[in-house]
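Quick heads-up: structures coming right below.
Paired with subunit B in one complex and with subunit C in the other, subunit A is shared by the two complexes that follow.
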Partner chain A sequence: MIAQTSHISHTVRPARPAPERDPAWIGRLFWLTAAMVIMWPLLVATEFKPWILFDAQSRKSTLRFLGDFFPPVVNLEFMTMVAKETWRTVAVATAGMALALVLAIPLTLLSTRALSVSALTGRMATMPFVFRQAIRFLLIMLRSVPELVWALIFVRVVGLGPTAGVLAIALTYGGMLGKVYGEILESGDAHASTTLMRSGASRMQAFFYGLLPQNAAEITSYTVYRWECAIRSSVVLGFVGAGGLGQQLDNSMKMFNGGEVATILIVFILLVALADRVSYVLRREIG
Partner chain B sequence: MNTPPSIPSSQPFFSARCRACWFVAGLVALIALSFWSLDLAWSSFFSMDAVASMGRFVGEFFPPDLSSAFLLKVWKGTVETLAMSLLGTIIAAFIGILLALPASSIRQAGQASSFVYVMRLPTRAFLNVLRAIPELVWAALLLISAGLGPFAGTLALALHTSGVLGRLFAEAIENAPPGPAAALQAQGVSNTRIFFYATLPQVLPQLMSYTLYRWENNIRAAAVLGVVGAGGLGQLLSFHMGLFQMSKTATVLTAMILLVALVDLTSYATRRILSR
Partner chain C sequence: MEISTTSISARHPQARRDAPDALVNATITIKHGEQVAIIGPSGAGKTTLLNLLSCALVPTQGSVTLDNKNPWQLSPRALKTLRGQLYVASQVPPLPPRQRVITAVLAGSLPAMSFIQSMASLIYPKNIAGAHAALAMFDLDSKIFDRVDRLSGGERQRVGLARTLLSPSTLWLIDEPLSALDPTRAKQAMDTMTNQARERNVTLVVTLHQVEVALARFPRVIGLRDGLVAFDLPAHEVTPEKLNQLYEQYEDELTGAPPASDDLTIAPATVAVMHCR
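Moving on, here comes the complex of A and B:
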């Protein structure tokens, strides 16, 4: 392939007009074939059979389900229920975020290198280093378990309902916030806080007067962004029985009630758009 | 007691401070209302009974099922999860770029673009809808037409991700330097060729990095998609948890956490190497 390409480029004279055909077509053909060869096992592993979307049985049930979408159910009783569940979704996300903060803030303070006294003079001492790494590992563990899995576990322990959702969001988001807060604190200019600590301020004083004012905007803006994400996951958590819009959506879907599914989906899209907007405006204000 | 500091009279500082006050007050109210309106079962969570049942629950995880037959099954689930995420991301990248073209507002590209420009807002709205619905909800919706299994999961990942990527790609295309495209246009080159020979080569590195970033996210998402029956490790998890086979559940959970941690580690290491 390479030999052929160089051969072509060798024979092209500068005065000739631009070639009609793509000069690199052999290379493109090769990569296309290679991609197909790599794709093949993927298609097998994922049982990728697009034609089953169009066989008679599946087409009939899909069309019936989609046909049911119109008109969406908008009677008063259903809409009241949807409004209540929407609030629940927001409340689960907000309560979960509040608990996540309760978890994340102390863990951040314990794990951030920016508040190490021994690191002021050269390397951090061994024990504090091990302790910080241990807290960091805990944060990674909390974050690595997806919130849906936490919810599945808590639904077993505390039963169906919003408690499982709140706890799931609190643990996963606590881990995420803790890790990112730590990174934000360490990435900023450490001059103010280290000077404070060098001249005898306590770690908390160095945090409140040095680190926090410097990084407050970034931390707040990240928290608001995560709250927006929490609303989205709170809907998903409903699918495993944690209440809110997700659970209603799951119920309506299991009963093949297209009209109700359509209404809930529209409300959900509006909710996400609203959260997106609020979060955008707040983050712009915070700057 | 020292006297409280007087309120500064300068107007901008005062108004900014008050907005912050409003923000905090609203936040506190929202949190209080949330806790108050949810019937949270704290008593049952912190009672001795719950602690005991939690202990029993965790105790049942041990020992995890490490028989070779089951490990093989978990391995297959892991491969399926990875394949779902990879294929879903590839499909999404293609749909994303197809939708990003009408969604990006390049107006000066000749006559055909007036139609393209009209299509801009509807395409953006469509992308927003694709993006607003989470993978898991897409999977649950797609089960009706695609049936149980990894195919539904792959499509679900592809749909949500094409919404995300479409928007990011559109922004990348809009922000590309217009010089090369304008030069080709002045030579009378057609729009398709302008895209392939000027715009695409300029934005390709950025598109690749967005796609890789979404792939990382999608591995995490694919791991849990199976909870609604869309294949991968999640399907094994919900299956064995539903049957109360806790030792098998523990193995699947461990595999899931290892997969996510491995992906995190790889991406962290890659970023470290690339930014060095």
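Moving on, here comes the complex of A and C:
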């Protein structure tokens, strides 16, 4: 029956001419032109001239710099120092993360919409909404100041050394973790926690019995990933005097000691690879 | 718990403006310790009614009173206490996949626990014997220390019901408790829930797709259709004509098997992905 009707309509309808062009063409042309028009000023603003890399002068200085890398310095004294600074870098990242968690966890609990009691019956009430937005705004402020800027400030306050690095990581990462934890908690399945609160459990009970087990894997995975980021970031912080491998790298570079730079870079790459590995194993165990 | 509603109407908070109310002008009184089944075709307003009774939805008109208290005039603290006296079991069991069965079941008794007690219970379960007894009534005692994501859909639904038995409530509101159970398990689950409710003198309100179960097990049956109370009668007065009227154009739901519950598909816990935000 269906086949028959379609057959009839096929024969009755007048044959259409083949379309003259692809209807999507105009749109594509427009967006391509728009992208180029927007990109051009960006390239001008960034003085994007990659060929400069390959002129004779640049080639010579690049080769000289790279040539200095060999052989890397591996004497005992230097290696002991590098080992100590590596450990300090890991310690700065870890202590910074611990402080960041102290900051992030309470702020997450205060700001997440998933623990709203008034939202159980539809919309969140006005006051709680404003309060949660205010806390969220604080988190966004904390995280939008780069840790490098915080480190520069703290180097002036507490002096050169790892303390400045720890505090810088704590503030920026506290904001980051708090904001993302809140997003994870809100994007997960809220059924478990809302049901508990509808049956009279308190917010904190609903968090520990519903919301946290629902999202624990994602939260831990993100935390471990951020720890890995903190290790990389604490190296950069060393450049402004916050201790660790970065500070040594800065010193060696200023003294044009390519061999030491090479050793530190190799150690740094190994450290990041190790952190990546540890973070992978941890995440697999949790999942 | 005693329930009375006076001409309540309600709509889903996210409903379109021009959508009709999900429940219109319903006046129902349920006495303490009574057992009531709510039946009706899909979309009749069964779950909306249950949400109204569980303080999960504010009526747009009329009022709900639970034990002579209007929940929407109480202070937040008093409302929380009132919520602790009712237990809501939803059709899809609200269990985090990585939680252990024992924790999921003990979560039912959270309103009766202080925060410190509930934290201690996460470290070492507070009431293993109670959880075991509740699970045993649903033949799940061997699964007590398993993770929820190792259970089948029907097992999860029964864990959700076992949790009810641990709650300190005096009103049980249960939405489609049998949707994922085979007939034998469904009979066992229904027996347990009605007997336990009777023993504890708890008011039991259950929405059901299985009309014959509702008529056989519950002394009182409320029929809903298009948001209206079609009948509210003792089970033996519900005649086949009334049922045919209630399920007109939905005959398959009256005679056939309950509609397949697609929303009870089980997603196993997956390894968390890493996000770069």
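By definition in this document, the second predicted complex is superposed on the first by the 222 of 287 C-alpha atoms of A that agree within 3 Å, B and C clash if a C-alpha of one lies under 4 Å from a C-alpha of the other, contacts with A are read in each partner's own complex, and residues count from 1 in each chain.
As a working rule, a residue touches a chain if its C-beta (ideal position, glycine included) is under 8 Å from a C-beta of that chain, and two chains touch if they have at least 3 such contacts.
It should be emphasised that the depicted structure is a prediction, and the values quoted were computed from it without experimental measurement.
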Original post:
Residues of subunit A touched: more by subunit B or subunit C?
Top reply: B
Original post:
After lining up the shared chain so the two structures overlap, which partner does A:D250 touch, if you call subunit B first and subunit C second: first, second, both or neither?
Top reply: first
**OP:** For A:T126, decide between first (touching subunit B), second (touching subunit C), both and neither.
**Re:** neither
Original post:
Between subunit B (first) and subunit C (second), which, if any, makes contact with A:E183: first, second, both or neither?
Top reply: second
**OP:** Pick one for A:A201: touches subunit B only (first), subunit C only (second), both, or neither.
**Re:** second
Original post:
Touch check for A:A216: first (subunit B), second (subunit C), both, or neither?
Top reply: second
Original post:
Do subunit B and subunit C touch any of the same residues on subunit A, and if so, which?
Top reply: none
Original post:
Okay, in this complex, where on subunit B does subunit A touch?
Top reply: 19, 23, 30-31, 33-35, 37-42, 44-45, 50, 53-54, 57, 79-80, 83-84, 86-87, 90, 128-129, 132-134, 136-137, 140-141, 144-147, 149-151, 153-154, 220, 223-224, 227-228, 231, 234, 237-238, 241, 253, 256-257, 260-261, 264
Original post:
In the complex formed with subunit A, which residues of subunit C make contact?
Top reply: 13-14, 54-58, 76, 80-88, 90, 92, 94-99, 103, 107-108, 110-111, 113, 115, 118-119, 122, 167, 169, 269-277
Subject >> Touching residues (chain side subunit A, partner subunit C) in the complex >> reply: 117, 120-123, 176, 180, 183, 191-192, 194-202, 204-206, 208-210, 213-214, 216-218, 220-222, 225, 283-284, 286-287
Subject >> Of subunit A, residues touching subunit B in the complex >> reply: 39, 41-43, 45-49, 52-53, 58-59, 61-62, 65, 87-88, 90-92, 94-95, 98, 140-141, 144-146, 148-149, 152-153, 156-159, 161-163, 166-167, 232-233, 235-236, 239-240, 246, 249-250, 253, 256, 261, 265, 268-269, 272-273, 282, 285
